[in-house]
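What follows is chain A paired twice: with chain B in the first complex and chain C in the second.
Right, the complex of A and B next:
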């Protein structure tokens, strides 16, 4: 039996899973939509991965990352649960030990990670608002009646991208409507959107940070060739987009699962495991905390959301 | 006997102790609103308009809590500590906003050092409104400020002593009414402490030193509390591992100052902007990754 390690990255939009061996080779991977239900998505993901995993491998470590990492960590009994910034950096450094800058635009987060000599020296993440992220792009694509996957190709056709205010989705949308109504061709509008994503990112997340080569662009939006084009153009540098860029978080957490293995062998059989959450409002003090109780096989494994720490 | 209400917000974190000492000396009973809880915050939202910052909305919640529990509220109107040291509009407008929103008597005084209106006069005024002679109030003022200065000096010594700690050190750069509020900063401090971080507070430095030091970043800034905060950063910068900028949405001075500072310093930092709907999940991701980075290992 050979050893292997599972990494699961549960984001707001998509859920990514990867199984690697001791030499960081990807044995199998999968990328599916979260569709607002991380537990269901992970069950589906594990089923897909299980089918593709050769019989001579056993799982010796499980790691979870992404915004649902804690919940799924309990479901899978992961041996490591880590934030996505660390996971992304570790994953990327595994394949690109010399990388200096990681640009990442995901479903509702965007971040920049600066690395020197294999150590994160600085990073930034978008604050309150999700303008200029994947969810913004997909809602605008819907407005224009396009599929988000063909968005980039449309942008490449344009010679004159229109100017769009991308600071705020609401303003961008009214800008977009105006531009369409006065007759701009759709490819110019799409190109304008892609360009505004880049400008917005550099102004909000990348502000004041020294972006040095080699630069890697990741996250769901890195699949958009239009956005890549404008990153290259505006930064005046080459941008590396790895074909597994969308999996870097999952790979990173799988690597961390290997480094932190505890000698246990895990089963990928989830169908016989009941996993429920119950939300209740506490009401014992004026805080009225919303408590979330997590049950695994009808046994309370954790509860979250209490301010006082009693529960 | 008349009872004075002290709202646990904004001014409380600068003047609360002085007020308490002052009323203690004069044997005036007072009530302080409890730590911020959700009910207080939600009540505050009802009275606030949507352009006010989270801290001020919370403040109005504290005021509404006290309305039927006291005879007077104490609310100053703070304009400036000299013209190059002004405060944000909340400090200037709180008295008038509360007076126009709630039906309650207010003990008020102005602080505008450019017009020579200072704390001593202010407290003497308040003493007068409560029926004390100028002499009595003067003594109470002396007692209140004396005790406060002693406590403050001790706090500063403890805080600055942390700069020599062996743990990973983070400067929490924030206004005290955000830092110490139960629904704004407390969870962050708790999380950092639980992860073995030495938390140093930007408001617990000697402002005589820090106010001037802020000029190393910019000479154009005229917000007193922002200047004190960034001066603390300059003072501490060679001894700390990272900075957390914490502010309440949509704070005017912070959005200008923090932005400016972040562009000029080369210390690892993150910017946390909190609003009432902030769940701790997003904050935790940022704090966890920040700590990972500072500790340098995965």
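Right, the complex of A and C next:
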């Protein structure tokens, strides 16, 4: 039997899973939509991964990352649960030890990670606005009647991208509507949108940060060739986009799971595990904490949200 | 009989209550501890873009009025804090409450004559002699509390038995409330200092050290910074914090000149509130070999917004990472946790190499 490690990255929009071996080779991977239900998505993801995993491998470590990392960590009994910033950095450094800057744009968050000599020196994450993220792109694509996946190709056709206010989603949208109503061709609008994402990212997330090459661009939006083009144009540097860029978080957490393994062998059989959550309002003091109780096989495993520590 | 109350901040309600209880011959109403309801109330009746401490203090005032208070005390400072009293007074009047608001600081100064006149007008009975004597004890109490807090902050992450520091401190504050004379307070302080220094700790030689700087209210009121210090201490981190009430009242006046000289490469004059202090502290923390700096402020805090780019510049010169937080009434707690976790992951990775 050979050892392998599972990394799961549960984001707002998509859920990514990857199984790696001791030499960081990807044995199998999967990318599915979260659709607002991380537990269901992970059950589906594990089923897919299980089917593709050769019989001579056993799982020796499980790690979870992404916004639902804690919940899924309890479901899978993961040996490591880490934030997505660390996971992305570790994943990228495994394949690109010389990288200096990681640009990442995901479904609802975007981040920048600066690295020097293989150590993170600084990072930033978007705080207030979603103007530069994937969900904005997909909602605009829907409004224009396009598929997000063909968005990038459309943008490349344009020779003259329109100018779009990049400050805020709402203003960007009214700008877009205006440009469409006065008759600009659709590829110019799409290109303008891609450009505005880059500008917004650099203004908000990359503000005050020194972006040095080699630069890697990843996250769901890195599949959009239009955005890549404008990053190259505006930064004046070459941008590396890995074909597994969208999986980097999952790979990173799988690597961390290997480094922190505890010698246990895990099973990927989830169908016989009952996993429920129950939300209640405490009401014992004016804080009125929203408590979330988590049951695994009808046994209380954790409860979150308490300010006083009573639960 | 008047019912006097005041806004809360950290544990400083203990000395303030102590002083008021002894100096005034009136009833003192303690506002309930700050909860989500406090900030909800405060936000509801505050201008939206006012800094968050305004909302917290207005919230505690409203809760104190609910408990029956009719006289409120407010302070002032060197930024928008200087107008809190007047604006809150107007808001409370507009809401139809018949309360007197006594502002200790007007036009940036403590004018004793004006305060005495105001007290006379409202008919609040007090004793001058007692106010002076118990005022002195209250000041000493603040000083002792701050010294003990500094020690706790450095060591709480490493306690062998969870909660030993907190229980001791709770006991200490309870004893401080009952103090009758200065000598008694001093004896209690010596006793508790010894007790606290004897709490068993397991501190590694190379632990992570983080300095916390930023806007004063958010730094000092744990509820408003989402219990940041507690969160950090659970990860075996030594915490250094400069701002406390003793510093603001007595040390700031003469330290600020030293601070300006120390960081003259970066600033020439004061920028209001604690901006200049925080810039000097950043330089100090970088030079003293701290692993990281966390800068916290309430949203819309103008002096700190001005200080942030300078802090960023100093930190990048010394290659010390800084994490900036801006807290508002409805900040997402998960977002704070993710960033914090990434921050100490990063510091640990740097330390290992």
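Here, the second predicted complex is superposed on the first by the 311 of 311 C-alpha atoms of A that agree within 3 Å, B and C clash if a C-alpha of one lies under 4 Å from a C-alpha of the other, contacts with A are read in each partner's own complex, and residues count from 1 in each chain.
What we mean here is this: a residue touches a chain if its C-beta (ideal position, glycine included) is under 8 Å from a C-beta of that chain, and two chains touch if they have at least 3 such contacts.
Given the structure is predicted, the values throughout are model-derived calculations rather than measurements.
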So, after the overlay on chain A, do chain B and chain C clash or fit? They clash
Exercise for review: Answer with first, second, both or neither: which of chain B and chain C does A:183 touch in the superposed model?
Suggested key: neither
If we overlay the two complexes on their shared chain A, which of chain B and chain C does A:84 touch? Say first, second, both or neither. both
Contacts for A:117 in the overlay, against chain B (first) and chain C (second): which applies, first, second, both or neither?
second
Just to be sure I read the superposition right, which of the two partners does A:36 touch: chain B = first, chain C = second, or both, or neither? neither
On chain A, the footprints of chain B and chain C overlap at residues 67, 82-86, 119-123, 125, 127, 208, 285-289, 307
Chain A residues touching chain C in their complex are 67, 82-86, 117-123, 125, 127, 208, 210, 285-289, 307
Listed in rising order, the residues of chain A that touch chain B in the complex are 67, 82-86, 89-90, 119-125, 127-128, 207-208, 256, 259, 285-289, 307
Contacts from chain C onto chain A in the complex sit at residues 32, 35-38, 309, 312, 316, 319, 321, 326, 334-335, 338-339, 341-342, 345-346, 349-350, 353
Within their complex, chain B touches chain A through residues 37-40, 182, 187, 249, 259, 262-263, 268-273, 275, 281-282, 284-286, 288-290, 292-293, 296, 298
